[in-house]
Amino acid sequence: MPQAPLLRVEDLQVSYNTPTGLVQAVSGVSFELGREKLGIVGESGSGKSQTGRAILGLTAPGGRVRARRLEFDDVDLLRADARSMRRIRGGCISMIMQDPKYSLNPVMTIGAQIEEAFLVHRKTSTSEARRRTLDMLSAVKIRAPERVYKAYPHEVSGGMGQRVMIAMMMIPEPDIIIADEPTSALDVTVQLQVLAVLDDMLSEHRMGLIFISHDLNLVASFCDRILVMYGGKVVEECAAAELEQARHPYTRGLLNCLPSLDGEQGELPVLRRDPAWLTAAEGAQ
Amino acid sequence: MIDIRALDVVFGHGSKLHHAVCDFSMRIERGQSYGLVGESGSGKTTVLRALAGLLDRIARVSGEMTAARESLSGSRRSREFRRRVQMVFQDPYGSLHPRHTVDTILSEPARVHRLDRIEDRVVQALEEVGLDASFRFRYPHQISGGQRQRISVARALITEPEIVLLDEPTSALDVSVQAEVLNLLMRLKRDHGLTYVLVSHNLAVVAHMCEALSVMQNGSVVETMDVQQLRNHAPSMPYTRQLLTASLGYNRAAIDAFEEFS
Amino acid sequence: MTLAVNLRGWLLADIPRSKSQARCQRFYIGWLEFQRNPVAMIGLVIILGLIAAAALAPWITSSNGLEPDLVNRLQAPSAEHWFGTDQLGRDIFDRIIWGSRITLYIVGLVTIIVVPIGLVIGVIAGYLGGLVDSVLMRLTDIFLAFPRLILAMAFVAVLGPGLENAVLAIALTTWSPFARIARAEALTIRNSEFILAAQVQGVSTVGILTRHVTPLCASSVIVRLTLDMAGIILTAAGLGFLGLGAQPPTPEWGAMISLGRQYLIDQWWVPTVPGIAILVVSLGFNLLGDGLRDVFDPKSGG
């Protein structure tokens, strides 16, 4: 990477106290993020979402986050007070969630919500905020920004809702976006169109992206670098283009068990989980 | 085995009228696996539900349907049809009753159809889907998503059906579990000579499972083709070609060429 | 000791071996959940205390609470008469204990009448929808529109005063909210995939209603009933207070307050003690209902 990384994560641990005992959701995840697209892939329960949430301090109550290092731009995110954390959330690091239906306030117009996101972090007049909001809506390729500005979340489609989310997260011009399965609820073509919008905005503003997804192919084609997580650990880290040459048996297993479009109708190879993956040291660097 | 002609499904009245399926036809031979592909709102699931007679009181269904040697009208289905045609649903968390044990879930269809040796059938069905007898008295919330979907498949097998309707059976599962369930479905089809109708948005799953498919959009069939045509990446309609491109992964240049179809 | 350990192991085994074990496990896990809530446990203890008082009444009381003893009238609380005596010299403690039977009788009878009516009407209306729903729900609305006590008074006026008629009147005025709750539950349940699955299996409408929909609606109805029990007891007491419920000399708590109210200034214990009894039991049902709601929460799956 040419410059110093924006985000440093070293030995991140997230654990939950449950009636049946301590559950380790993330154990010892380390990575650095520059102005690049980093994909975190894994199956359900791999700890990929917990990793994203822990960075923003959004771990659910009852969860405990520890790390040797969790720094954004030299600010220690674990020891930051509530005020600086609020400034960082949204202002410096934003998060795009899976379903716009649940992350937008149903009783506020879309325009008002984006404006609010802007005004929290920038002290300007409301007319300026309105102008910026409309600019942002056209930047995410919404054809009739004026109409969408006045609309309520339930009046727009899923793809449109996710564009609105992107606009809302982008407007304070953060340095890092964490996107947790941002397009999993959308149809394939809409999904790609939304990602294209995100991609264009990222390269225009030179932001870093953490893209959390279960879809190996999508991450491989969209991101620059990939972390593969299994059981709360990173088992493999590689450049997206080199995913086909992945070495870890888990990554290989995931790649192989996908049905292929051009394949013959045979048995799909089944992933055989090896308990040693959980105890083994960090995957090949 | 299944013959549908000019199926129309209309939901609602007046200004809320929604023509979900419009002039849909399809013909499936015994032992075939047939795919219905489309994006959300394309009407693919509605076709399946119309065939299974699940749209009673919700929608108006018209057209000619024949399945399992019975001519079907409206939403009433004979007991024999219910035995011969079974269905597996998308959501492994929603399709099993939360307060019923696996045993209750599996023995209910056997009791409804007054089959004999219910206990043997339950154990055998569990075995067929690769679960041992220890699952028999568990509740759905005590088992994983993949295991639940196996239970749904086992429930569909209890009555020894001829046709199984699969509504996105693996889209809620992790890919490694998806592979296991797809293998299971393929094996059961071979062993029991089943006929499948598979609804999915995933072209790769359909290419893997089916011999022929119809691509649907806004309630109508856009294109019907042989699976070889799909595997050769040679669909003839632009909408299908776009779907195919999209399912191959992210490609910035290709996305700008996407068109709106309606 | 080993038996207890074995039993616990059986109740918490990962792999239940029979239908009854699975069912017992579900109850036991629910019980463990319930136990962790101290407030709910207080509620349970109060209700168990009420039941114990009712069951053991002949042994823990010295009189049947009905015979007047005019020599000892209006005695203050003492070692001999813990809660004092009333205007006819009857021991108030004994009357409270015997009165717990009447309270339980009211609670039990109302439950037996209200739960089936509410469930049947609500589940049918919610699941079938359409015209059936409209007719049943308008009927429910009619009952819902009247203030409970006033309607109960009207019923008692027609049926004649007395404990049975009071209970009947309360039941007739209480079922409507339960029908509403059951309907709301049935409305969400009827769209779930497991109901579609049951239809595909060929399960009849009656089978779906009884085996699939009702068990899921029942838990929220029971929770709401426990929470409402306080209101039912108060209504019964209110009817008793107005002289429309249990008739003297029955030791019904509301009637006891009514008869004792003229002594409130000088012999405060006469109306106060039954008042506290009503308060404690109502509170007990409320706390219990709160705890049950947490256990029955469908999200916990139990």
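Note that the chains take the letters A, B and C in the order they are written out, and that residue 1 is the start of every chain.
The definition used in the following text is that a contact is a pair of C-beta atoms (placed from the backbone, for glycine too) under 8 Å apart; a residue touches a chain by one contact, two chains touch by 3 or more.
Since this is a predicted model, take the numbers as computed values, not measurements.
K.L.:
Output the touching-based chain groups remaining when subunit B is disregarded and all other chains stay put.
P.N.:
Leaving out subunit B in thought, the network of contacts falls apart into A | C.
K.L.:
Sort the other chains by how far their Cα centres are from that of subunit B and give me the top one.
P.N.:
Between subunit B and the rest, the longest centre separation is with C.
K.L.:
Need the CA-centroid distance for the pair subunit A / subunit C, whole Å please.
P.N.:
About 50 Å separates the centre of subunit A from that of subunit C.
K.L.:
Could you state the distance in Å from the CA-based centre of subunit B to that of subunit C?
P.N.:
46
K.L.:
With centres defined as the mean C-alpha position, give me the subunit A-subunit B separation in Å.
P.N.:
Subunit A and subunit B have C-alpha centres separated by 32 Å.
K.L.:
So which bits of subunit C are touching at least two other chains?
P.N.:
Not one residue of subunit C touches more than one other chain, so the list is empty.
K.L.:
Spell out the part of subunit A that touches subunit B in their complex, as residue ranges.
P.N.:
43-44, 187-193, 195-196, 199, 214, 216-218, 220-222, 253-254, 257-263, 265, 267-271
K.L.:
Once bound in the complex, which stretches of subunit B touch subunit C?
P.N.:
49, 52-54, 57, 77, 79, 82-83, 85-87, 89-91, 94-99, 101, 103-104, 108-109, 112-113, 134, 137-141, 152, 155, 159
K.L.:
Help me check something: in the complex, which residues belonging to subunit B touch subunit A?
P.N.:
Those in contact with subunit A are residues 39-40, 145, 174-176, 178-180, 182-183, 186, 201, 203-205, 207-209, 230-233, 242-244, 246-252, 255-256, 258.
K.L.:
Within their complex, state which residues of subunit C touch subunit B.
P.N.:
15-19, 21-22, 26, 129-130, 192-194, 196-204, 207, 211-212, 215-216, 298, 301-302
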